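What follows is chain A paired twice: with chain B in the first complex and chain C in the second.
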Partner chain A sequence: MHTPPVWRIARENARLIGYRCRRCGFVEFPEPRKTCKRCRAPAEFEEISMGTRGKIVSFVVQHRLPEGFETPLPLAVIDLENGARVYGQIVECKPEELTVGLEVEADFRVFYDDAGLRVYSYKFHPVRG
Partner chain B sequence: MSVVGYGAAIPRKRISLAEINRAWGRAGGRGERAVAASDEDVVTLSVTAARRALAHAKIPPTELGAIYACSVSLGYGEHTLAGSVALALGAEGPVTLCDLGLSTRSVTSAIQCCVDAIRSGRIVYGLVVAGDVLPAKPGSESELSSGAGAAALVLGSGPGVAELEGFGSHAEGFIGRYRPEGDFPQMDDERFVFQQGVAVHVAHALRRLLERTGLKTDAFARAVFGAPEPRWGARVAPKLGLSERVFTLSGEIGSAGCAMLLLDLIGALEQSQPNEKILVISWGPGGSDALALTVRERSLSLPTVAEQVAHKELITYPEYLRAMRLLGG
Partner chain C sequence: MAQHSLRNKVAIIGAGMIKFGELFDKSFETMIEEAYLNALKSVDKGLDPKEIEAAWLGTLYPPQGNSGVLLSFATGLFGIPVTRVENACATGSDAFRNACFAVALGLYDVALVVGVEKMRDDGGGLIQRTAVKQLWGGRGVTMPAFFGLHATAYMHKYKISREEIALVSVKNHRNGALYPYAHYRFECSVEDVLKAPYISYPLGLYDCCPVTDGAAAVLICRAELASQYTDKPVFVLGSGLATETFFRGGDLTSFPATRYAAQQAYEMAGVSPDDIDVAEIHDCFSITELISYEDLGFAPPGQGIALLKEGIVQLEGSKPINPSGGLLAKGHPIGATGVAQIVELFEQLRGQAGPVQVKNNPQLALQHNIGIGRTATGSVSCVHILGRG
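What follows is the complex of A and B.
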């Protein structure tokens, strides 16, 4: 949390806060921008809670990665309950369990290590029981 | 003074004691211990437990006046667990943050600090959160009991799930078990630590609690006991007249350090009926605290401790070494 780029979005990452375009409803995450990505107009954003549950829209399982990554590493595009589409790592799930439409839940995890200081954000695990 | 909500977080990965013993050429071993995944740590588990406690208490994070966070394994000499929890919850601003640790006893110190702050009128609600991912030297005896987990209580002066009846404390400079920074836990003579430390301090703390509250030991339906070595609870219970009444999850998840006392308390609350009393005793370097609780309402925080204990994924010893960052990248 000591570098400006990490600190700037720490709140959004820690609480899954997004910014919804008041004109078209598109949700920006993690930072609001001057122009909405969808309606391409100068936009006004409102802060929203993106919710913690969602469904997998698409996924890929990475098998060959540089040192420091655990493989196989599933990554997915997820539609969250409050209308946001995010990209995230899937944890606690065997690759063969992954399917499009699988219900997932946000899980607060270590994201990476920045010079000895851990940086946190959300990953997702399948909803169980 | 009440517990108005509680929450627990137990990692899904487990290793069986038999698997650890097999890796070291030893036979036998009953039970399992929880293992944090490589991307789970004291902060992530504590945040998850704290979120669940707030949801159970049905209060927004902005109502918290103080956060007391305890851990003996945060992994930093300078950092903040309380602040990390505050950020993740959205409990920033006029909030007192207090980071405690060094001893598993600190969790009951945290409860006492929180109760004092509420009684003084300085705060309305306070959060006590404890989390640990205990390190253990591969092949050592403590490897068989070092688990992971976090738990949190929301305390307040109004009605709640359970009422706090009083405290009893005993302080001494006895250390017994210790861990140099960046190293593994050390304990020269376990029997000495138990007989001269744990058993003595716990008896003093309990006696003071009983004197102060006017209760007798047979008033308690269940007892939970937090200490670095989970087996000490079962060993001290007969000396205190509490045999068969000690509740612990340590056979299923090992010891979760500071969090163990609260995890066991939550497990005991899940099984208790209104008006039953629970005895809570902590031990750690420095002494012991005892406190009495009366259950007021049977209300479950989801997912329950029982569900989290049941939802598990057993891993092998090499997978465990990787998860603990003791092997590989």
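What follows is the complex of A and C.
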């Protein structure tokens, strides 16, 4: 959590905190805003927990990535339970298990190594019943 | 409401490009110079470079410096306004759009638009430029992933197979094999597309456009002056541009930015999607073209595949799409792409497109780009409608 872009959103990243428009309910993440993308106007926001569960809106399985990634890597767009939409890597899941609508849950993991310092963030795994 | 429109105020009087490809023997400036000279040569009654009063340069990754002076170095055109435009995959078309504004306003009689990109020199391609160390921008999200996410969502919602989407690549490579300026000039089969290695499932190698060098140039003038330069001008009838993001919602089976930009362009031109005779649309990936049929109003949602299966969008069809082979075969040197599409449509509307000339005597043509931004695609779209004089 040392480079400025990571430091600026450290709290939101660590606790999955979002900001909800009091007028239309749109959830802004990870930075607080004073203008709403859905209202297309200045707006007031309240801090919310985004929840840790969500559903896969769509996914890909990455086969070609820059060095440092393990492939094949499942990657999804996820709608979290309290209204935010985020990208997320999917772990503990075979690529053929992935489907649109699959329920997933967030886990705090090591994300990458930046100049010898570990950066943490969320990854998602399928909800196991 | 706006009081003015671009409709019929600007004429394209010259257009030229260079053969796209791996152009290791040509510098950024040499590519611009060749495209510019080809555009000058194409002006039927001739044009003195001293008549060019302003220029626009569309490019994303200039090799050194980043001002409009790169165009001046390549063409000798110093001492006039040169504006550099960058707007993702709409870079070239937005450069054209802004040049049209100035000429329509009467600020300049004649203007030059150049689009250019040198993409092969650094070897890595755009996957290497992926935003890697971004926590929530999506670590490991690449260009193919941006569009692959749309492919998965589209296939799921409309029960479309990879085999069906492959028909886009087959069509465009067939056209590209005939198009003299294309980077890739080979045909491929559905089986080739399906057997190719995955890049970002569900997209395989032949679902993706290549990494390509290229440049293209057009010359425009105030419509009243067109006859000084040619008896066959092409007029700008409509133009649209819009931004959007899927973080605002939607199910990823459409690019709403295209819908907004197209609506602006159709309204300005006073035409409907059915009136379009030929189109050059953004097929950076096979799925992009299929979804764009629907966003541009050529087919209802989920039914774009019928245009391919029924032959409507083939070279010989009633609404040929991407006769040049599109980005999949021609290549996608980003800043050059939109301008090259306009070059191709200029030739199609004048009946000068040679081996890829469409057979339906086209009167109206449409140009379209959809591009990325803020770690997603569908972020910016530009649409133009052009017509024969």
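The criterion applied here is as follows: the second predicted complex is superposed on the first by the 129 of 129 C-alpha atoms of A that agree within 3 Å, B and C clash if a C-alpha of one lies under 4 Å from a C-alpha of the other, contacts with A are read in each partner's own complex, and residues count from 1 in each chain.
Following the convention adopted for this analysis, contacts are C-beta pairs under 8 Å (C-beta built on N, C-alpha and C of every residue); 3 or more make two chains touch, one makes a residue touch a chain.
Not measured: the values here are computed from a predicted model.
Three-chain overlay on chain A, with chain B and chain C fitting side by side and no clash. Using the contact criterion defined above for the overlaid structures, shared-chain residue A:128 touches chain B, although it does not reach chain C. Looking at the shared chain after the overlay, A:26 reaches chain C, while chain B stays out of its contact range.
Of the two partner chains, chain C is the only one touched by A:63; chain B is not. More residues of chain A lie in touch with C than with the remaining chain of the pair chain B and chain C.
In the superposition on chain A, contact of A:35 is made with neither chain B nor chain C. After the two structures are overlaid on chain A, the closest C-alpha atoms of chain B and chain C sit 13 Å apart. When both complexes are aligned on chain A by C-alpha atoms, chain A residues 68-69, 111 touch chain B in the first and chain C in the second.
Against chain A, in their complex, chain B makes its touches with residues 12, 37-41, 43-44, 47-48, 51, 84, 87-90, 307, 311, 313, 322, 329. Those residues of chain A that touch chain C in the shared complex are 3, 5-6, 9, 13, 26, 29-30, 37-38, 57-66, 68-69, 72-73, 75, 77, 85-87, 89, 95, 99-100, 111-112, 114, 119, 121.
Interface residues of chain A facing chain B in the complex, by the touch rule stated above, are 10-11, 14-15, 67-70, 91-92, 107-111, 118, 120, 123, 128-129. Of all residues in chain C, only 127-128, 130, 132-142, 144-145, 148-153, 156-157, 197-203, 245-249, 251-252, 375 touch chain A in the complex they form.
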